[in-house]
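To keep things clear, I will list the structure first and then write my remarks on it.
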Amino acid sequence: MAEHIDAPFEIAGVRLTSRLIMGTGGAPSLQVIDEVLAGSGTALCTVAMRRVDPATQGSLLDVIDARGIRILPNTAGCRTAAEAVRTAQLAREALETDWVKLEVIADERTLLPDPVELLDAAQALVADGFTVLPYTNDDPVLARRLEQAGCAAVMPLGAPIGTGLGIGNPHNIELIVSDATVPVILDAGIGTASDAALAMELGCDGVLLASAVTRARRPALMATAMAAAVEAGRAARLAGRIPRRHHAHASSPIEGMPVL
Amino acid sequence: MAEHIDAPFEIAGVRLTSRLIMGTGGAPSLQVIDEVLAGSGTALCTVAMRRVDPATQGSLLDVIDARGIRILPNTAGCRTAAEAVRTAQLAREALETDWVKLEVIADERTLLPDPVELLDAAQALVADGFTVLPYTNDDPVLARRLEQAGCAAVMPLGAPIGTGLGIGNPHNIELIVSDATVPVILDAGIGTASDAALAMELGCDGVLLASAVTRARRPALMATAMAAAVEAGRAARLAGRIPRRHHAHASSPIEGMPVL
Amino acid sequence: MAEHIDAPFEIAGVRLTSRLIMGTGGAPSLQVIDEVLAGSGTALCTVAMRRVDPATQGSLLDVIDARGIRILPNTAGCRTAAEAVRTAQLAREALETDWVKLEVIADERTLLPDPVELLDAAQALVADGFTVLPYTNDDPVLARRLEQAGCAAVMPLGAPIGTGLGIGNPHNIELIVSDATVPVILDAGIGTASDAALAMELGCDGVLLASAVTRARRPALMATAMAAAVEAGRAARLAGRIPRRHHAHASSPIEGMPVL
Amino acid sequence: MAEHIDAPFEIAGVRLTSRLIMGTGGAPSLQVIDEVLAGSGTALCTVAMRRVDPATQGSLLDVIDARGIRILPNTAGCRTAAEAVRTAQLAREALETDWVKLEVIADERTLLPDPVELLDAAQALVADGFTVLPYTNDDPVLARRLEQAGCAAVMPLGAPIGTGLGIGNPHNIELIVSDATVPVILDAGIGTASDAALAMELGCDGVLLASAVTRARRPALMATAMAAAVEAGRAARLAGRIPRRHHAHASSPIEGMPVL
Amino acid sequence: MRVAVNGHDLDISDGTSLLALIEQHAGSARGSAVVVDGVVVPRRTWPDYAVRPGQHIELITAVPGG
Amino acid sequence: MRVAVNGHDLDISDGTSLLALIEQHAGSARGSAVVVDGVVVPRRTWPDYAVRPGQHIELITAVPGG
Amino acid sequence: MRVAVNGHDLDISDGTSLLALIEQHAGSARGSAVVVDGVVVPRRTWPDYAVRPGQHIELITAVPGG
Amino acid sequence: MRVAVNGHDLDISDGTSLLALIEQHAGSARGSAVVVDGVVVPRRTWPDYAVRPGQHIELITAVPGG
């Protein structure tokens, strides 16, 4: 992770003005999505690709464009490399971007990535000229393979999508960060602000979340909380935290006590 | 904790513009103290009372006054109620304030509060007209007794002073918060920004810390990190976090998958 | 904690053949109590003192005596030192033992000990010739004060009574163990076998539990689980565990790989 | 996991009299290996395959055979499916067993399994008639794929080999257990007895460990600790632990307090 | 005569001893203690202790707990 | 003529262009993609692409997600 | 004359006021407190308070801490 | 004649059998496997298998591990 507080955050050479990437799913309305995007200060947000529904009111893209936010289509719901590649190609055609958040899940219950299909899809999409941001599990080896396959970032989970369980295995995230030469984005599992701060303290370059904000009781307020938490965690990482000590260490002088 | 994001933070009827209270110990120089106070945006900072040392360069009080920060003298180093009361009286004489951070520690190794001496000192100081902010352990019962004794706030530890171990027993902090009718300030043990955010998410009204900032590799930067973390944690608390779920919950629609 | 696996476990000079102390509360019947006492292999069990209820079937004392188990009356439900002292005196009269598990709780919601009343009661009972085993919180300072008051053991909680939350703050238990010269018994909060093993690994001399066994789906089986866990944890403590390492350490030789 | 305390433990139809599987690496001598095997009560232990070293004193196989323990050769050190398959074939020739603990690691620093090579090797070995016990990471999806490939058990790690960090992500182990129809063996990462008990409480059918015992200060004693811990954890799982409660729950009657 | 036992008024025959009262309520005297009008009565005196009208008597025993 | 759009049979007038079909369903062509009988149809060809009877057409667009 | 200041014996000129003593040691009187022979001396009396031989004087001030 | 055993050149007498070579290096044939020039040699053929000059031989056995 860049060692200057004002080092720009870049993915595939594109500078992003925020390290918080927002998913747009789970919100009750376009109005809430708009408030959440505003509150988060995000510069990149995900969308899913689905069949046109004539009943839909309003335009998601207008909301996103009005805020000047870059779009990151995902392949949510795909179960095989072939489906994911096809969905990415449709997204490129529809949204005129070659960026894709690659998701290839193994089942609907855990929504966990399928490591083999994911790696196959990543290789195929890179070969097809895509800028691939894969949603992966927290396995340091798979993260390395994805980077070797040419992915522009790796996006390990903290916990399964939508669980809000935070970062289940910080040690794995540290291993991924220590190895990676592309940005590491903590994706999925974030439940509250301290989780997002911890992700950055572990050395992640950014955080991607949706449910934690869109399904909070007050989404817009939670969006500002997450923005502040990402800033706080990054600054803390760069500031160099104190070591954990087993015994106490006084913060007032021991000497000079008056004799009363 | 007040349920409005812009609800003022008040102790003993005095409004404070920041929920981050800074200790001034552990910094290498007055210059660093000044940078840390500036970066933290704090409105209240602690000092210790010691014998005058003619060798001292510069004036701590001038630094604090120049930033318009209220002073909170502590009784650090006192081992008995009598010592603590006497030290508080000297501080009142010296600094013309009746506020005191009450510390009565049991030993130099753990720096943990002595519950019996602490409660005695609190009762004596309240009777003597002081505004008492006691540094206490995380025992919900002792916290209640201190509030019943008339303390203006309760300040439970997250972990022993200077350890940076964070919040050892979040369950106890939640119990203290659920009971208290005076402000609860998490005091001691904070190591990094996510710890401070967590304290606020647990419902604390504020955070008091020193070593985590003054002994960080880059103190001024860590001060800004802590300020952001306190804001983030408070906003997250008020925004109402999503529940922790055992199973995944999709944030992209299940329906409308195209047939490709 | 004694550093020999076969070092006897003694409280106040009385040798006990098991380091697992059983509470008898929470069981659906005397029959289950009997099975639980048998399965646990305990040598010491607690009882409460209450008004005679003519409707009661069977004799608890007969069950306990038939298994040759020593009785430890408690002062459960007492809220003041005076009540606890009086209850201990009644128990001594009724059961002809001067041992007492001292409980002085602050409220019915947390069932946490009141540190001030507890210490007062301990001093009074020691002066009256009792062998006092106090149920205390996990504050290392209060534990030290209780030992200084002449208690025969200290019994810190892992978590509030009946919660099954395990050991909330292992660091505090380690601090208590490192200081104590009387036996340390982890009392309250144990939920399952690994919690009991952990208590012993932290250096406790014994474990006291009730609900974790009596309210388990299969109490007798859980009793055997706890007995094995206490043995396992004690052996592991004495065997000297390997250090926690950040990086992997191979357990098969690196050299001598065949060239295939 | 079998729901009877005395349900036999079987892998590939072979009944094993202990649920603790021992690695033999890391011990200072054959003498210590012999003591450890005796203390653990294991019925299955691993060995590595290496070039003959004429300097070696004594026979490992004699020690294992003398205790009637079944041998499980591993493929430790292999980095590709091809190497692992070849090593398994040599082991079959040398030890006349078609059982193999399949290890395909990605690097020497983390010793973590390579998911793609591991799955390829598992498929090849199953096709070649081997009984395959794969050492895998804690990804529930990979575990499922390995079972689908015909593995006789799945052996997820708790933490990287030799770290003694325990079970980093209990939630993943629970997911693996809830899915698996073959035995789940917690392999690697165990540091002390409570870790082994926890593995069984999470629903694992067995535990495989080496360093935690062979590198302990007193290996033979730690072996007995682990044996007891596995028993304790399994009994606790079957006994049905009490739920975790946020609030206290009295274990002595509230009614019938005497009026004193 | 009337006495209060564990908070309930009770008619007992004159001259009833504490020991008799206890055995009648608790089955046996084992594991019990008695408080009469706030004073603990030593076990050895129970056989000869004649309950008097209007006394408040607490009979306490060991029950499952802790 | 009849075509299948997103799995539903539909009557549309002869000579309807893909662009017209999309605008009619999605409001605008922005953010949409089209697959006809399993083949992705490039955006620039939509105006001149005349839908033929019996074709299976998938109209896809961006929705909130992820 | 000799006095003890913060545990060190000191020669000061006769008639030195507390205020003078404090300013000499602490630079300024701000943020300081004084204990003479175990008694806290109120700030307002410092100018007129003449130090006497043999007194034990503690000069206390605020330092970084907590 | 010269052969390579586990990477080291070695002089052995002509006509040495694999079994003899193994027993000489490993003490016993139990728990061992042999690869000659990249091919696994079945255990039952060792007694009659005469080592030839220049062969690369890997002798593998079980060691503590895992």
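First chain written, first letter: the chains are A, B, C, D, E, F, G and H, and each begins at residue 1.
Keep this in mind: a contact is a pair of C-beta atoms (placed from the backbone, for glycine too) under 8 Å apart; a residue touches a chain by one contact, two chains touch by 3 or more.
Since we're looking at a predicted model, the values are computed, not measured.
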Minimum number of chain-to-chain touching steps separating chain B from chain H: 2
Chain whose average C-alpha position is farthest from chain A's own: E
Comparison of D-H and C-H by number of C-beta pairs in contact, larger one: D-H
Distance from chain G to chain D - Cα centre to Cα centre, in angstrom: 72
Computed distance of Cα centres, chain G from chain C, in Å: 56
Rounded Å distance between chain C and chain E, as computed from the means of their C-alpha atoms: 33
Contacts with 2+ other chains: residues of chain D: 23, 25-26, 48-51, 53, 74, 76, 90, 110, 112, 165, 171, 210, 246, 251-253, 256, 258, 260
Set of chain E residues in contact with two or more other chains: 6-7, 35, 58, 60, 63-66
Chain F residues touching chain A - in the complex, by the definition given at the top: 6-7, 22, 25-28, 30-33, 35, 40, 42-43, 58-66
Residues on chain D engaged by chain H in the complex (per definition of touch): 23-27, 30, 33, 46-54, 56, 59-61, 71-74, 76, 89-91, 93-95, 101, 103, 210
List of chain D residues in touch with chain C within their complex: 5, 23, 25-26, 48-51, 53, 74, 76-77, 83, 86-87, 90, 108-112, 160-165, 191-198, 201, 210-212, 214-219, 221-222, 224-229, 231-233, 235-236, 238-258, 260
For the chain C and chain B complex, residues of the former touching the latter: 106-107, 110, 112-116, 119, 137-142, 144-145, 159, 165, 168-169, 171-172, 175
Contact footprint of chain E on chain D as seen in their complex: 251-253, 256, 258-260
